[in-house]
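Across the two complexes that follow, chain A remains constant while its partner is chain B and subsequently chain C.
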Partner chain A sequence: MAIPKLYQWLLAASTFMAAWLSYVLGFFQTNLRHEYHEIILVLPIYLLMAFASYSLALLGYRVATFNDCKEAAAELQEDVKEARKDLERIGYKYASDWQ
Partner chain B sequence: MPGFGMDQAVGWSFVSLAGFIFTYYTIWVIVLPFVEPDQPIHNFFLPRFYAIAGPLVAGVVALTMIGSFIAYVSWSKKVKKS
Partner chain C sequence: MAERNKYSVLLPTYEERNNLPLIVWLLVKHLSKSGHDFEIIIIDDGSPDGTLDVAKELQRLYGKDKIVLRPREKKLGLGTAYIHGIKHATGNFVIILDADLSHHPKFLPEFIRKQAEKDYDVVTGTRYRGNGGVFGWDLKRKVISRGANYLTQVLLRPGVSDLTGSFRLYKKAVLEKLINACVSKGYVFQMEMIIRARQFNFSVAEVPITFVDRLYGESKLGGSEVVAFFKGVLYLFATT
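Up next is the complex of A and B:
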(Lines of atoms letter the chains of each structure in order from A and count residues from 1; the text may use other names and numbers.)
(Lines give C-alpha, C1' and ligand atoms only; values in the text may rest on other atoms or scores of the structure.)
Protein backbone atom coordinates (compact mmCIF):
# COMPACT_ATOMS: atom_id res chain seq x y z
CA MET A 1 0.00 0.00 0.00
CA ALA A 2 2.20 2.83 -1.27
CA ILE A 3 -0.33 5.63 -1.69
CA PRO A 4 1.59 8.92 -1.45
CA LYS A 5 0.94 11.09 1.57
CA LEU A 6 -0.45 13.87 -0.59
CA TYR A 7 -3.14 11.62 -2.03
CA GLN A 8 -4.03 10.38 1.43
CA TRP A 9 -4.48 13.94 2.65
CA LEU A 10 -6.51 14.87 -0.44
CA LEU A 11 -8.76 11.84 0.04
CA ALA A 12 -9.36 12.72 3.67
CA ALA A 13 -9.95 16.39 2.86
CA SER A 14 -12.42 15.69 0.05
CA THR A 15 -14.32 13.13 2.14
CA PHE A 16 -14.62 15.64 4.94
CA MET A 17 -15.70 18.42 2.56
CA ALA A 18 -18.35 16.15 1.02
CA ALA A 19 -19.82 15.31 4.41
CA TRP A 20 -19.62 18.91 5.62
CA LEU A 21 -21.18 20.35 2.47
CA SER A 22 -24.03 17.87 2.60
CA TYR A 23 -24.73 18.98 6.18
CA VAL A 24 -24.47 22.70 5.45
CA LEU A 25 -26.62 22.55 2.32
CA GLY A 26 -29.29 20.61 4.19
CA PHE A 27 -29.25 17.36 2.22
CA PHE A 28 -30.52 15.52 5.27
CA GLN A 29 -32.59 16.41 8.29
CA THR A 30 -30.93 16.87 11.62
CA ASN A 31 -32.06 17.84 15.06
CA LEU A 32 -28.89 19.23 16.59
CA ARG A 33 -28.52 21.68 19.42
CA HIS A 34 -27.77 25.25 18.37
CA GLU A 35 -24.20 25.13 19.74
CA TYR A 36 -23.28 21.98 17.78
CA HIS A 37 -24.68 23.52 14.62
CA GLU A 38 -22.54 26.63 15.12
CA ILE A 39 -19.41 24.57 15.66
CA ILE A 40 -19.97 22.36 12.61
CA LEU A 41 -20.43 25.45 10.45
CA VAL A 42 -16.98 26.68 11.42
CA LEU A 43 -15.21 23.30 11.25
CA PRO A 44 -13.25 23.72 7.96
CA ILE A 45 -11.52 26.93 9.03
CA TYR A 46 -10.94 25.49 12.50
CA LEU A 47 -9.31 22.34 11.09
CA LEU A 48 -7.19 24.52 8.79
CA MET A 49 -5.97 26.57 11.77
CA ALA A 50 -5.31 23.40 13.75
CA PHE A 51 -3.28 21.98 10.88
CA ALA A 52 -1.36 25.25 10.51
CA SER A 53 -0.48 25.40 14.20
CA TYR A 54 0.50 21.72 14.13
CA SER A 55 2.82 22.39 11.18
CA LEU A 56 4.31 25.40 12.94
CA ALA A 57 4.87 23.42 16.13
CA LEU A 58 6.46 20.51 14.25
CA LEU A 59 8.72 22.88 12.33
CA GLY A 60 9.84 24.67 15.47
CA TYR A 61 10.41 21.37 17.26
CA ARG A 62 12.59 20.03 14.46
CA VAL A 63 14.56 23.28 14.37
CA ALA A 64 15.06 23.24 18.13
CA THR A 65 16.13 19.60 18.33
CA PHE A 66 18.31 19.60 15.23
CA ASN A 67 21.40 17.64 16.07
CA ASP A 68 24.27 19.86 15.01
CA CYS A 69 27.59 18.31 15.97
CA LYS A 70 29.92 21.17 16.83
CA GLU A 71 33.04 18.96 16.95
CA ALA A 72 32.36 17.60 13.47
CA ALA A 73 31.93 21.16 12.18
CA ALA A 74 35.20 22.30 13.76
CA GLU A 75 36.97 19.23 12.41
CA LEU A 76 35.62 20.01 8.96
CA GLN A 77 36.98 23.57 9.16
CA GLU A 78 40.40 22.20 10.09
CA ASP A 79 40.30 19.79 7.13
CA VAL A 80 39.40 22.65 4.80
CA LYS A 81 42.34 24.73 6.06
CA GLU A 82 44.76 21.85 5.65
CA ALA A 83 43.49 21.13 2.15
CA ARG A 84 43.94 24.78 1.18
CA LYS A 85 47.54 24.77 2.45
CA ASP A 86 48.37 21.61 0.53
CA LEU A 87 46.84 22.88 -2.67
CA GLU A 88 48.59 26.26 -2.45
CA ARG A 89 51.89 24.47 -1.96
CA ILE A 90 51.36 22.60 -5.22
CA GLY A 91 50.61 25.89 -6.93
CA TYR A 92 46.79 26.04 -7.01
CA LYS A 93 45.63 29.66 -6.97
CA TYR A 94 42.29 30.53 -5.39
CA ALA A 95 40.18 33.15 -7.14
CA SER A 96 39.31 34.69 -3.78
CA ASP A 97 43.02 35.30 -3.10
CA TRP A 98 43.80 37.28 -6.26
CA GLN A 99 45.30 40.69 -5.44
CA MET B 1 28.66 31.00 12.43
CA PRO B 2 25.78 33.27 13.41
CA GLY B 3 22.95 32.02 15.58
CA PHE B 4 24.15 28.67 16.86
CA GLY B 5 22.39 29.09 20.18
CA MET B 6 19.61 31.14 18.65
CA ASP B 7 18.27 28.25 16.60
CA GLN B 8 16.99 26.44 19.65
CA ALA B 9 15.35 29.58 21.02
CA VAL B 10 13.66 30.29 17.70
CA GLY B 11 12.49 26.70 17.43
CA TRP B 12 10.96 26.62 20.89
CA SER B 13 9.36 30.03 20.36
CA PHE B 14 7.63 28.61 17.27
CA VAL B 15 6.39 25.69 19.34
CA SER B 16 4.98 27.89 22.10
CA LEU B 17 3.43 30.30 19.60
CA ALA B 18 1.75 27.41 17.82
CA GLY B 19 0.52 26.03 21.14
CA PHE B 20 -0.90 29.39 22.15
CA ILE B 21 -2.62 29.90 18.80
CA PHE B 22 -4.13 26.43 18.90
CA THR B 23 -5.37 26.74 22.49
CA TYR B 24 -6.80 30.22 21.99
CA TYR B 25 -8.54 29.31 18.76
CA THR B 26 -9.91 26.05 20.16
CA ILE B 27 -11.39 27.77 23.20
CA TRP B 28 -12.74 30.54 20.99
CA VAL B 29 -14.48 28.30 18.46
CA ILE B 30 -15.31 25.09 20.33
CA VAL B 31 -15.55 25.83 24.03
CA LEU B 32 -17.15 29.27 24.15
CA PRO B 33 -20.48 28.34 22.51
CA PHE B 34 -21.18 26.13 25.52
CA VAL B 35 -20.41 28.88 28.03
CA GLU B 36 -23.25 31.10 29.28
CA PRO B 37 -23.07 34.60 27.75
CA ASP B 38 -22.72 36.30 31.12
CA GLN B 39 -19.55 34.48 32.22
CA PRO B 40 -16.45 36.75 32.46
CA ILE B 41 -14.32 34.52 30.22
CA HIS B 42 -16.03 35.99 27.18
CA ASN B 43 -14.21 39.26 27.85
CA PHE B 44 -10.93 37.68 26.73
CA PHE B 45 -12.25 36.81 23.28
CA LEU B 46 -13.43 39.00 20.43
CA PRO B 47 -16.86 38.44 18.89
CA ARG B 48 -17.00 35.17 16.97
CA PHE B 49 -17.20 37.02 13.69
CA TYR B 50 -13.46 37.65 13.95
CA ALA B 51 -12.75 33.96 14.46
CA ILE B 52 -13.67 33.54 10.80
CA ALA B 53 -12.71 36.93 9.40
CA GLY B 54 -9.24 36.99 10.99
CA PRO B 55 -7.84 33.77 9.50
CA LEU B 56 -9.65 34.41 6.21
CA VAL B 57 -8.11 37.87 5.75
CA ALA B 58 -4.71 36.62 6.90
CA GLY B 59 -4.92 33.73 4.43
CA VAL B 60 -5.85 36.02 1.55
CA VAL B 61 -3.01 38.41 2.40
CA ALA B 62 -0.52 35.54 2.66
CA LEU B 63 -1.60 34.02 -0.66
CA THR B 64 -1.42 37.45 -2.31
CA MET B 65 2.11 38.03 -1.05
CA ILE B 66 3.25 34.57 -2.14
CA GLY B 67 1.62 34.96 -5.55
CA SER B 68 3.10 38.40 -6.16
CA PHE B 69 6.54 37.17 -5.08
CA ILE B 70 6.33 34.28 -7.56
CA ALA B 71 5.10 36.65 -10.29
CA TYR B 72 7.90 39.12 -9.55
CA VAL B 73 10.60 36.43 -9.65
CA SER B 74 9.36 34.87 -12.89
CA TRP B 75 8.94 38.31 -14.51
CA SER B 76 12.45 39.45 -13.57
CA LYS B 77 13.88 36.16 -14.84
CA LYS B 78 12.11 36.63 -18.16
CA VAL B 79 13.48 40.19 -18.45
CA LYS B 80 17.01 38.97 -17.68
CA LYS B 81 16.85 36.28 -20.36
CA SER B 82 15.69 38.65 -23.13
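Up next is the complex of A and C:
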Protein backbone atom coordinates (compact mmCIF):
# COMPACT_ATOMS: atom_id res chain seq x y z
CA MET A 1 0.00 0.00 0.00
CA ALA A 2 1.25 3.50 -0.77
CA ILE A 3 1.88 6.19 1.83
CA PRO A 4 -1.42 7.92 2.66
CA LYS A 5 -1.87 11.35 1.09
CA LEU A 6 -1.81 13.12 4.45
CA TYR A 7 1.71 11.89 5.12
CA GLN A 8 2.83 12.70 1.59
CA TRP A 9 1.70 16.28 2.22
CA LEU A 10 3.36 16.43 5.64
CA LEU A 11 6.58 15.07 4.19
CA ALA A 12 6.61 17.54 1.31
CA ALA A 13 5.65 20.47 3.56
CA SER A 14 8.24 19.71 6.23
CA THR A 15 10.97 19.17 3.64
CA PHE A 16 10.16 22.50 2.06
CA MET A 17 9.93 24.31 5.41
CA ALA A 18 13.17 22.75 6.64
CA ALA A 19 15.00 23.96 3.53
CA TRP A 20 13.38 27.37 3.67
CA LEU A 21 13.98 27.87 7.39
CA SER A 22 17.59 26.84 7.18
CA TYR A 23 18.10 29.39 4.42
CA VAL A 24 16.24 32.15 6.26
CA LEU A 25 18.00 31.50 9.55
CA GLY A 26 21.32 31.57 7.77
CA PHE A 27 22.41 27.99 8.43
CA PHE A 28 24.58 28.06 5.36
CA GLN A 29 26.52 30.60 3.40
CA THR A 30 25.09 31.82 0.15
CA ASN A 31 26.07 34.51 -2.23
CA LEU A 32 22.68 35.21 -3.69
CA ARG A 33 21.77 38.52 -5.19
CA HIS A 34 19.48 40.73 -3.17
CA GLU A 35 16.41 40.21 -5.38
CA TYR A 36 16.57 36.42 -5.10
CA HIS A 37 16.95 36.71 -1.34
CA GLU A 38 13.79 38.81 -1.15
CA ILE A 39 11.87 36.34 -3.27
CA ILE A 40 12.88 33.37 -1.16
CA LEU A 41 11.87 35.15 2.02
CA VAL A 42 8.27 35.53 0.88
CA LEU A 43 8.06 32.28 -1.06
CA PRO A 44 5.83 30.30 1.36
CA ILE A 45 3.21 33.02 1.64
CA TYR A 46 3.44 33.71 -2.07
CA LEU A 47 2.89 30.05 -2.97
CA LEU A 48 -0.12 29.81 -0.67
CA MET A 49 -1.68 32.92 -2.11
CA ALA A 50 -0.95 31.83 -5.67
CA PHE A 51 -2.60 28.49 -4.97
CA ALA A 52 -5.63 30.19 -3.41
CA SER A 53 -6.05 32.55 -6.36
CA TYR A 54 -5.66 29.75 -8.87
CA SER A 55 -8.19 27.64 -7.00
CA LEU A 56 -10.71 30.45 -6.88
CA ALA A 57 -10.31 31.17 -10.56
CA LEU A 58 -10.61 27.47 -11.46
CA LEU A 59 -13.69 27.11 -9.27
CA GLY A 60 -15.30 30.15 -10.89
CA TYR A 61 -14.61 28.75 -14.31
CA ARG A 62 -16.01 25.33 -13.43
CA VAL A 63 -19.18 26.77 -11.91
CA ALA A 64 -19.70 29.00 -14.93
CA THR A 65 -19.27 26.13 -17.38
CA PHE A 66 -21.30 23.61 -15.39
CA ASN A 67 -23.68 22.22 -18.02
CA ASP A 68 -27.35 22.85 -17.32
CA CYS A 69 -29.22 20.10 -19.12
CA LYS A 70 -32.65 21.45 -19.94
CA GLU A 71 -33.09 19.02 -22.82
CA ALA A 72 -32.34 16.09 -20.53
CA ALA A 73 -35.07 17.21 -18.14
CA ALA A 74 -37.57 17.68 -20.97
CA GLU A 75 -36.65 14.30 -22.39
CA LEU A 76 -37.19 12.69 -19.00
CA GLN A 77 -40.67 14.21 -18.75
CA GLU A 78 -41.49 12.67 -22.14
CA ASP A 79 -40.03 9.33 -21.05
CA VAL A 80 -42.19 9.36 -17.94
CA LYS A 81 -45.34 9.98 -20.02
CA GLU A 82 -44.46 7.22 -22.45
CA ALA A 83 -43.57 4.82 -19.64
CA ARG A 84 -46.86 5.38 -17.83
CA LYS A 85 -48.86 4.87 -21.00
CA ASP A 86 -47.04 1.69 -21.85
CA LEU A 87 -47.27 0.28 -18.34
CA GLU A 88 -51.02 0.84 -18.32
CA ARG A 89 -51.23 -0.84 -21.68
CA ILE A 90 -49.53 -4.01 -20.47
CA GLY A 91 -51.75 -4.14 -17.41
CA TYR A 92 -49.79 -2.50 -14.60
CA LYS A 93 -52.26 -2.63 -11.75
CA TYR A 94 -51.05 0.38 -9.78
CA ALA A 95 -51.54 2.87 -12.60
CA SER A 96 -54.07 4.62 -10.37
CA ASP A 97 -51.09 5.91 -8.37
CA TRP A 98 -50.54 8.43 -11.14
CA GLN A 99 -54.04 9.79 -11.37
CA MET B 1 -17.87 -19.97 -28.28
CA ALA B 2 -17.43 -16.72 -26.34
CA GLU B 3 -19.30 -16.33 -23.06
CA ARG B 4 -22.13 -13.90 -23.40
CA ASN B 5 -22.04 -10.94 -21.04
CA LYS B 6 -24.89 -10.47 -18.62
CA TYR B 7 -25.60 -7.30 -16.69
CA SER B 8 -27.12 -7.39 -13.20
CA VAL B 9 -28.65 -4.03 -12.31
CA LEU B 10 -28.78 -3.43 -8.56
CA LEU B 11 -31.65 -1.18 -7.48
CA PRO B 12 -31.76 -0.51 -3.74
CA THR B 13 -35.09 1.13 -2.99
CA TYR B 14 -36.68 2.94 -0.10
CA GLU B 15 -40.05 4.60 -0.63
CA GLU B 16 -39.81 4.57 -4.42
CA ARG B 17 -43.32 3.39 -5.15
CA ASN B 18 -43.85 6.03 -7.85
CA ASN B 19 -40.42 5.92 -9.45
CA LEU B 20 -39.79 2.18 -9.42
CA PRO B 21 -42.08 1.24 -12.35
CA LEU B 22 -40.63 4.10 -14.36
CA ILE B 23 -36.98 3.26 -13.78
CA VAL B 24 -37.66 -0.42 -14.47
CA TRP B 25 -39.48 0.44 -17.70
CA LEU B 26 -36.55 2.61 -18.80
CA LEU B 27 -34.00 -0.07 -17.90
CA VAL B 28 -35.93 -2.70 -19.83
CA LYS B 29 -36.33 -0.36 -22.79
CA HIS B 30 -32.69 0.67 -23.14
CA LEU B 31 -31.04 -2.63 -22.30
CA SER B 32 -33.37 -4.63 -24.55
CA LYS B 33 -33.02 -2.14 -27.37
CA SER B 34 -29.25 -2.62 -27.42
CA GLY B 35 -29.62 -6.40 -27.23
CA HIS B 36 -27.94 -6.95 -23.90
CA ASP B 37 -28.70 -9.80 -21.53
CA PHE B 38 -29.71 -8.41 -18.14
CA GLU B 39 -31.59 -8.77 -14.88
CA ILE B 40 -32.85 -6.14 -12.47
CA ILE B 41 -32.36 -6.92 -8.78
CA ILE B 42 -34.61 -4.87 -6.51
CA ILE B 43 -33.49 -4.60 -2.91
CA ASP B 44 -36.26 -2.97 -0.95
CA ASP B 45 -35.60 -2.11 2.67
CA GLY B 46 -39.08 -2.60 4.05
CA SER B 47 -40.57 0.53 2.47
CA PRO B 48 -43.76 1.51 4.25
CA ASP B 49 -45.31 2.90 1.05
CA GLY B 50 -45.70 -0.50 -0.62
CA THR B 51 -42.69 -0.35 -2.92
CA LEU B 52 -42.34 -4.12 -2.58
CA ASP B 53 -45.89 -4.68 -3.88
CA VAL B 54 -45.02 -2.57 -6.89
CA ALA B 55 -41.86 -4.64 -7.36
CA LYS B 56 -43.88 -7.86 -7.26
CA GLU B 57 -46.27 -6.47 -9.86
CA LEU B 58 -43.34 -5.56 -12.11
CA GLN B 59 -42.03 -9.08 -11.66
CA ARG B 60 -45.41 -10.38 -12.80
CA LEU B 61 -45.31 -8.18 -15.88
CA TYR B 62 -41.69 -8.69 -16.93
CA GLY B 63 -40.92 -12.17 -15.66
CA LYS B 64 -38.94 -13.66 -12.80
CA ASP B 65 -35.75 -13.96 -14.83
CA LYS B 66 -35.73 -10.24 -15.61
CA ILE B 67 -36.92 -8.91 -12.23
CA VAL B 68 -35.35 -10.44 -9.14
CA LEU B 69 -36.56 -9.48 -5.67
CA ARG B 70 -34.17 -9.44 -2.72
CA PRO B 71 -36.09 -7.49 -0.06
CA ARG B 72 -34.93 -6.77 3.47
CA GLU B 73 -36.78 -6.05 6.68
CA LYS B 74 -35.58 -2.51 7.29
CA LYS B 75 -33.24 0.22 6.11
CA LEU B 76 -29.78 -1.24 6.47
CA GLY B 77 -27.46 0.83 4.32
CA LEU B 78 -26.11 0.85 0.80
CA GLY B 79 -23.02 -1.35 1.12
CA THR B 80 -24.95 -4.23 2.66
CA ALA B 81 -27.71 -3.72 0.08
CA TYR B 82 -25.19 -4.29 -2.69
CA ILE B 83 -23.79 -7.36 -0.95
CA HIS B 84 -27.29 -8.73 -0.46
CA GLY B 85 -28.14 -7.95 -4.06
CA ILE B 86 -25.14 -9.59 -5.72
CA LYS B 87 -25.39 -12.79 -3.69
CA HIS B 88 -27.69 -14.30 -6.28
CA ALA B 89 -26.76 -12.13 -9.24
CA THR B 90 -26.21 -14.19 -12.36
CA GLY B 91 -24.49 -11.50 -14.38
CA ASN B 92 -20.75 -11.06 -14.76
CA PHE B 93 -21.20 -7.29 -14.64
CA VAL B 94 -23.03 -5.24 -12.04
CA ILE B 95 -24.63 -1.85 -12.67
CA ILE B 96 -25.57 0.48 -9.86
CA LEU B 97 -27.71 3.57 -10.18
CA ASP B 98 -30.27 5.58 -8.23
CA ALA B 99 -33.88 4.48 -8.40
CA ASP B 100 -35.27 8.02 -8.42
CA LEU B 101 -34.76 8.74 -12.15
CA SER B 102 -31.78 11.03 -11.58
CA HIS B 103 -29.67 8.49 -13.46
CA HIS B 104 -31.04 7.76 -16.92
CA PRO B 105 -30.72 4.20 -18.29
CA LYS B 106 -30.18 5.61 -21.77
CA PHE B 107 -26.48 5.95 -20.84
CA LEU B 108 -26.08 2.23 -20.13
CA PRO B 109 -25.21 1.16 -23.69
CA GLU B 110 -22.47 3.80 -23.56
CA PHE B 111 -21.18 2.44 -20.22
CA ILE B 112 -21.10 -1.04 -21.72
CA ARG B 113 -19.39 0.12 -24.87
CA LYS B 114 -16.80 2.04 -22.86
CA GLN B 115 -16.07 -0.95 -20.65
CA ALA B 116 -15.42 -3.13 -23.67
CA GLU B 117 -13.00 -0.59 -25.15
CA LYS B 118 -10.14 -1.65 -22.87
CA ASP B 119 -11.83 -4.20 -20.63
CA TYR B 120 -12.09 -1.67 -17.81
CA ASP B 121 -12.78 -2.97 -14.32
CA VAL B 122 -14.98 0.01 -13.41
CA VAL B 123 -16.86 2.59 -15.48
CA THR B 124 -18.26 5.58 -13.61
CA GLY B 125 -20.57 8.38 -14.71
CA THR B 126 -19.37 11.98 -14.48
CA ARG B 127 -21.39 15.18 -14.33
CA TYR B 128 -18.33 17.36 -14.70
CA ARG B 129 -16.83 16.40 -18.06
CA GLY B 130 -17.86 16.36 -21.68
CA ASN B 131 -21.62 16.48 -22.17
CA GLY B 132 -22.16 15.62 -18.54
CA GLY B 133 -24.19 18.01 -16.44
CA VAL B 134 -27.07 18.66 -14.09
CA PHE B 135 -30.51 20.14 -14.38
CA GLY B 136 -32.05 23.01 -12.45
CA TRP B 137 -29.31 23.57 -9.91
CA ASP B 138 -29.04 27.09 -8.53
CA LEU B 139 -25.73 28.91 -8.18
CA LYS B 140 -25.30 27.93 -4.54
CA ARG B 141 -25.68 24.26 -5.29
CA LYS B 142 -23.28 24.41 -8.23
CA VAL B 143 -20.65 26.20 -6.13
CA ILE B 144 -20.96 23.68 -3.32
CA SER B 145 -20.76 20.76 -5.73
CA ARG B 146 -17.75 22.06 -7.63
CA GLY B 147 -16.08 23.22 -4.42
CA ALA B 148 -16.49 19.86 -2.72
CA ASN B 149 -15.31 18.09 -5.85
CA TYR B 150 -12.24 20.34 -6.04
CA LEU B 151 -11.41 19.46 -2.45
CA THR B 152 -11.51 15.77 -3.30
CA GLN B 153 -9.31 16.36 -6.34
CA VAL B 154 -6.65 18.25 -4.40
CA LEU B 155 -6.61 16.01 -1.35
CA LEU B 156 -7.32 12.59 -2.82
CA ARG B 157 -6.14 12.85 -6.47
CA PRO B 158 -8.65 10.14 -7.39
CA GLY B 159 -8.03 10.02 -11.14
CA VAL B 160 -11.71 10.51 -11.89
CA SER B 161 -13.48 13.83 -12.33
CA ASP B 162 -16.63 12.91 -10.36
CA LEU B 163 -15.86 11.03 -7.18
CA THR B 164 -19.24 11.12 -5.44
CA GLY B 165 -21.29 9.76 -8.32
CA SER B 166 -23.21 6.52 -7.91
CA PHE B 167 -24.00 5.68 -11.51
CA ARG B 168 -21.50 2.93 -12.23
CA LEU B 169 -20.69 -0.34 -13.95
CA TYR B 170 -18.40 -2.86 -12.22
CA LYS B 171 -17.11 -6.28 -13.06
CA LYS B 172 -18.84 -8.45 -10.48
CA ALA B 173 -15.65 -9.82 -8.90
CA VAL B 174 -14.23 -6.29 -8.68
CA LEU B 175 -17.36 -5.00 -6.93
CA GLU B 176 -17.23 -7.82 -4.41
CA LYS B 177 -13.59 -7.17 -3.59
CA LEU B 178 -14.16 -3.42 -3.24
CA ILE B 179 -17.23 -3.71 -1.01
CA ASN B 180 -15.31 -5.95 1.36
CA ALA B 181 -12.49 -3.42 1.55
CA CYS B 182 -14.68 -0.38 2.21
CA VAL B 183 -15.71 0.82 5.66
CA SER B 184 -17.61 4.08 4.98
CA LYS B 185 -21.32 4.69 4.60
CA GLY B 186 -23.56 6.73 2.36
CA TYR B 187 -21.96 8.59 -0.49
CA VAL B 188 -18.56 8.59 1.24
CA PHE B 189 -18.86 4.87 0.51
CA GLN B 190 -19.11 5.69 -3.20
CA MET B 191 -15.96 7.81 -2.94
CA GLU B 192 -14.12 5.11 -1.07
CA MET B 193 -15.04 2.52 -3.70
CA ILE B 194 -13.17 4.45 -6.39
CA ILE B 195 -10.22 5.26 -4.13
CA ARG B 196 -9.85 1.57 -3.21
CA ALA B 197 -10.25 0.60 -6.86
CA ARG B 198 -7.25 2.78 -7.68
CA GLN B 199 -5.34 1.35 -4.73
CA PHE B 200 -5.91 -2.16 -6.05
CA ASN B 201 -4.81 -0.98 -9.48
CA PHE B 202 -8.17 -1.61 -11.08
CA SER B 203 -8.74 0.31 -14.30
CA VAL B 204 -11.41 3.01 -14.14
CA ALA B 205 -13.02 4.84 -17.08
CA GLU B 206 -15.58 7.65 -17.18
CA VAL B 207 -18.71 8.36 -19.21
CA PRO B 208 -20.40 11.79 -19.17
CA ILE B 209 -23.93 11.61 -17.77
CA THR B 210 -26.71 14.07 -17.10
CA PHE B 211 -28.07 14.15 -13.58
CA VAL B 212 -31.70 15.25 -13.40
CA ASP B 213 -32.59 15.05 -9.78
CA ARG B 214 -35.86 15.70 -8.05
CA LEU B 215 -37.96 16.35 -11.10
CA TYR B 216 -40.69 16.33 -8.52
CA GLY B 217 -40.00 17.85 -5.15
CA GLU B 218 -37.17 19.44 -3.23
CA SER B 219 -33.68 18.10 -2.82
CA LYS B 220 -32.09 18.35 0.58
CA LEU B 221 -28.43 18.92 1.33
CA GLY B 222 -28.43 19.25 5.08
CA GLY B 223 -25.74 20.21 7.54
CA SER B 224 -25.25 16.62 8.61
CA GLU B 225 -24.46 15.57 5.05
CA VAL B 226 -21.86 18.31 4.76
CA VAL B 227 -20.21 17.23 8.00
CA ALA B 228 -20.28 13.59 6.94
CA PHE B 229 -18.69 14.55 3.65
CA PHE B 230 -15.81 16.41 5.30
CA LYS B 231 -15.23 13.62 7.78
CA GLY B 232 -15.24 11.13 4.93
CA VAL B 233 -12.73 13.10 2.88
CA LEU B 234 -10.45 13.54 5.87
CA TYR B 235 -10.68 9.84 6.69
CA LEU B 236 -9.72 8.92 3.13
CA PHE B 237 -7.00 11.59 3.11
CA ALA B 238 -5.40 10.15 6.22
CA THR B 239 -5.71 6.46 5.38
CA THR B 240 -5.27 6.06 1.63
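Keep in mind that, in the parts below, the second predicted complex is superposed on the first by the 63 of 99 C-alpha atoms of A that agree within 3 Å, B and C clash if a C-alpha of one lies under 4 Å from a C-alpha of the other, contacts with A are read in each partner's own complex, and residues count from 1 in each chain.
As a working rule, contacts are C-beta pairs under 8 Å (C-beta built on N, C-alpha and C of every residue); 3 or more make two chains touch, one makes a residue touch a chain.
A quick note: this is a predicted structure, and the numbers were derived from the prediction, not measured.
Asks: Taking the superposition on A as described, I'd like to know which of chain B and chain C A:I45 touches: first, second, both or neither.
Replies: first
Asks: Check the contacts made with chain A and report whether chain B or chain C touches more of its residues.
Replies: Between chain B and chain C, the winner on chain A residue contacts is C.
Asks: When the two structures are overlaid on chain A, which partner does A:Y92 contact: first (chain B), second (chain C), both, or neither?
Replies: second
Asks: After the superposition on A, what does A:L6 contact: first (chain B), second (chain C), both or neither?
Replies: Touch partner of A:L6: chain C, not chain B.
Asks: Once chain A of both complexes is superposed, is A:Y54 in touch with chain B (first), chain C (second), both, or neither?
Replies: After superposing on A, A:Y54 lies in contact with chain B but is clear of chain C.
Asks: For A:F66, select first, second, both or neither according to whether it touches chain B, chain C, the two together, or no partner.
Replies: Both partners, chain B and chain C.
Asks: Given the touch rule stated above, what does A:E35 touch, chain B (first), chain C (second), both, or neither?
Replies: first
Asks: Tell me the contact category for A:E78 with respect to chain B and chain C: first, second, both or neither.
Replies: So A:E78 meets neither chain B nor chain C here.
Asks: Does any part of chain A touch chain B in one structure and chain C in the other, and if so which residues?
Replies: Residues 59, 62-63, 66, 68, 70, 73 of chain A touch both chain B and chain C.
Asks: For chain A, which residues count as touching chain C in their complex?
Replies: 1-2, 4-6, 55, 58-59, 62-63, 66-70, 72-73, 76-77, 79-80, 83-84, 86-87, 90-94, 97-98
Asks: Spell out the residues on chain C that touch chain A in their complex, using ranges where they run on.
Replies: So the residues of chain C touching chain A come out as 17-18, 21-22, 25-26, 53-54, 57-58, 61, 101, 104, 127-128, 131-137, 139, 142-143, 145-147, 150, 154-157, 199, 210, 212, 215, 237-240.
Asks: Under the stated contact criterion, what part of chain A meets chain B in this complex?
Replies: Residue list for chain A touching chain B: 35, 38-39, 42, 45-46, 48-50, 52-54, 56-57, 59-66, 68, 70, 73.
Asks: Could you list, by residue number, the parts of chain B that touch chain A in their complex?
Replies: Listed in rising order, the residues are 1, 4, 7-8, 10-15, 17-19, 21-22, 25-26, 29-30, 33-34, 48, 51-52, 55-56.
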